[in-house]
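Below: one structure, written as structure tokens.
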């Protein structure tokens, strides 16, 4: 017995995977071929391979991804979407996470901001629909300025519209701060904000799909596929992946 | 150019019955009342035109002359009274189809020509015969060429209206109306948009038509022309016919003070300046 | 209405020196040439107007009459020849300030009235005196009221031009020009946009001005009026003055064949139709 | 009272229109503030675009050729590129460069996103206003201008007393239309995180997924504003109407 | 009602006489030079962490992706205007009638004219299904098509207005003249009014096209990989300020290079129509 999503995948021999293509190592475009590339895309393709079906990539935005999944435009989401209890109320997910991210704030060295608490009352650049909006507002009293995407948000930070920008730490801000000479004079805040596990999301009630995918994700951890993908995308090795490779994660 | 001479050289409709006043009326208007948004414009018009007659309506600006013509053609609907054209009650013709049937019998020539600017002269003349009367292109075109010759514009068939002078455009408009072979033609101040030197061209054409026995109703400011061409002249003021009668009588011995005054004014400087001839 | 009677009742500028031809010329045009985009329009115009004279220019449409007036006022720049107004060389006035100085002395009344539609009649009359001559509002307004009375429109001071009839608008335009107290007024076919019944109103006003000794140049199609009012008449054709002379001579015994033909045509139906008087 | 409101909102939510955010001050207050911000943007831009339009017009019709050419080129550029791109170029690019330049002199950048949205929209709509006015000027009857010239009025008086009032009347329908466009374009503010009504709505619907409900509110809001603007335009048309001019 | 829709010659003379004869070529060149100089200036003062040559090379590398993005803009704009024209003329014709349908048409034309495009785009993206089934066949309803429809709505409303305006600006005397020749209402519309309207509608129509093309920039906000979205992805991927400046300026130039000739062409059409 399979649930609706699996039936659908099986009957069409296709799976529609929502991926976020925003120009990060997780999702970007190949300038030569104009095809999507990045970790999200690698994972989606591997799922297709393992299920033996064709993969259709559906490009999603933070502001559209939940709609698209619920509508059925995407069967699953591999879109930098961390587990939160609120999301778990409206969607189902694959219990084994494939990545672990927390937010961090990137801020100029001379901004005088060294702790999250320093953001109180200060403008902070962020993406529309980001899960970090609520914590920075409710915990730290920051004033969010939400842009359509991370690229506008970071440009706005450099334009002085905010004192800091809050985005995913490991996949986005750490590499920027470490490797990019333009961001040399910026620092990031610790500890990470609501570190949470990135999971693959499915529509509510699609337990069988989740179970099936769970096997694939576990296999990714065992085989070291995720660590390889991360390295291929040029990301620094994340401790969580190494740990999970040693013993499978317990779930978010 | 002498109009009479031209007219006699015409061959269509020989021996018109212009002065046989015994014929049946083609157009009868009785007690016509009309107001625009409550403003009365026509206040009881009575007017009869017999087949073959040429009738003029004169009167001051705003007295309702154009409105009478527009009622006859069904372009506006009067509130009271009757209009009969060849025993058809115009006011009863309410449907589109009935009005179209009526308009096939009644032509209208406007002060501003109103040619279709996007069509050549020839197409202006043939579009209605082809679309409305269902004539073939060949038939409509040979007809049109004959009419263009008649109004002395044979060489302008392929010009666009915008390329013609006012007088030429007005003659095309007359030919366009004639192409429908209407029983009755209404002319509304067809020369008042023309410059003085070209008025003659157009008046000559209309004069010829009248001589050939075409029934027509003319609204005009050209008193001399009206006097010469008309079997009967109606003088309107404030939506009523103040006076009517044969041209000679109305222009020669107007009965009403108001008519006298209007004719005097229309002659204009004749009274206050010495006549030009005498200079 | 008798123009002469009205004129004699006027009080401004008594005893005009209209027929003293010994006075110095106010306007002298010599060998004026002008072409628009290479198309020659004026081909050597010579014309003199003495102070206090009323001069008419007649001629067929397109012969350059309006263009002459526009040159005099500096609205267009001729390519050759000279124009002198009271010994000022018009063509040398190239700067804005110089042209404005010139235009204070020369008024222009247009065929299409050219009133300012967004200003009341009173403001139309006062705007130039206030902005150009620097008069106070009170002074300009009292002046304007006097002029409106003169053109018999005292009650229309607060109307907008669009609400007036053509004849009334034209009289406002004349008053507007008079408000600048110009030495010379140019009238360009001021009655040809008017309907026949209102032409008289405007001609009466101009006649009065001429009788009062206002120097004016008139372009007109009203031959009778030109004949009566003018000290001298110029006939233009294709940008040259074909003939000129006192009104009686030019209208009575035109010397040139072309003038004769034009006058004949202008009289129009007089020839092909029996004269109206005889009806 | 409160209970009935709750039950109405719950019913609406079941029908697919989830307005429950109105009960949560954390979301309701920013939304209401967004309405205020939208109106602020619109009012500021209307004033700004009027000034920009007039300035461009004067430059285009002025006697300095290089200025006229520059103004023309600016108008062409603004009219032929998307407002969103202009906004990004202004706010993301120019603003960033200004900030970096100011930082070298240890000065804070005083220009906020609100300033940029008002500036970009003002210049954009100003270019359209200038075009509308220019068309109005071109449609002025030559005779009216000659009438003014023949009375000896100088350039300045002609411009301010005769030509502008008349051109304004001709251009008014287009200007009002531009103002309606401006109201609509103000929604772009959300793209640079100015907290207008669209921005606040996006913030809410990315959390609550009640897009339909918010769309209805947004459409009502803009509908009401554009209706107001066109009413005001019609009132102005009536006020400026003079007999014999225009329909 | 103004009957003289064809500008009287005096008006043309006026514009000829008083506005400086700035040839289209001159101002166009001015605008192009302006864009390039402005762009070069921005780029010159933009901080550069690598070599500028390298930045240029990156742009060249991304050029095919950007071009692909822009082809989406063009596709969407063409689709929107094609749909909008058909729908607009139909709606405009219905709106002319006094019936209830006419009132509804007029009402919806106003509604779509007054709705912000951004909102319409979000609306169609979220509310329309991603696929639909006709006769048992499932057809996808891709995002770009939704955006096309979203832009077709205001396009059709604008074109309906243009159509209504063109019909209204056909002198009533043309209707009367045709009616007096015994034409039916439909015949007047088809043979007399429409041919005159089509000519009059052409310039504003090309204008709508240019405006819609610029409106396609908004599709980036719902994740269509159009020119602007691609530019954003490129600038995040390359992550260099000077490259960001360069891509945004390039975006500006591309739109300008496409829309400006259209607006010149519109101007030219307008002049031609006026002269005749």
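Letters are used for the chains, namely A, B, C, D and E, taken in the order the chains are written, and counting of residues starts over at 1 for each.
Keep in mind that, in the parts below, a contact is a pair of C-beta atoms (placed from the backbone, for glycine too) under 8 Å apart; a residue touches a chain by one contact, two chains touch by 3 or more.
Because the structure is a prediction, the values reported are computed rather than measured.
The chains touching chain A as well as chain D are E. Shared contact partners of chain C and chain E, listed by label, are B, D.
At the centre of the protein atoms shown, by the Cα-centroid criterion, sits E. A count of C-beta contacts for the chain pairs C-D and D-E puts D-E on top. Note: centroid distance chain D to chain E, computed from Cα atoms, is 19 Å.
Per-chain CA centroids place chain B at a distance of 36 Å from chain C. With centres defined as mean CA coordinates, chain E is found 49 Å away from chain B. Shown for chain E are the residues that touch two or more other chains, namely 47, 126, 220-221, 241, 244. Annotation for chain B: no residues touch two or more other chains.
Shown for chain A are the residues that touch two or more other chains, namely 63, 67, 148, 152, 155, 158. Inter-chain contacts, as defined above, occur between A-D, A-E, B-C, B-E, C-D, D-E. Remark: chain E residues 6, 171, 173-174, 176-185, 187, 191-192, 195-196, 199, 276 touch chain B in the complex.
By the touch criterion stated above, chain D contacts chain A in their complex at residues 26, 88, 91-93, 95-96, 98-100, 102-103, 108-109, 112-113, 191-193, 199, 202-203, 205-207, 209, 211.
The touching residues of chain A, counted against chain E in their complex, run 21-24, 28-32, 34, 59-61, 63-64, 67-68, 71-73, 148-152, 154-155, 158, 176, 180-182. The residues of chain C lying in touch with chain D in their complex are 73, 75, 96-97, 100-101, 103-104, 106-108, 110, 112, 114-118, 127-128, 131-132, 160-163, 173, 176-177, 180.
Put simply, chain B touches chain C in their complex at residues 1-3, 60-61, 195-197, 199-200, 203, 221-225, 227-228, 247-248, 251-252, 265-270, 272-277, 279.
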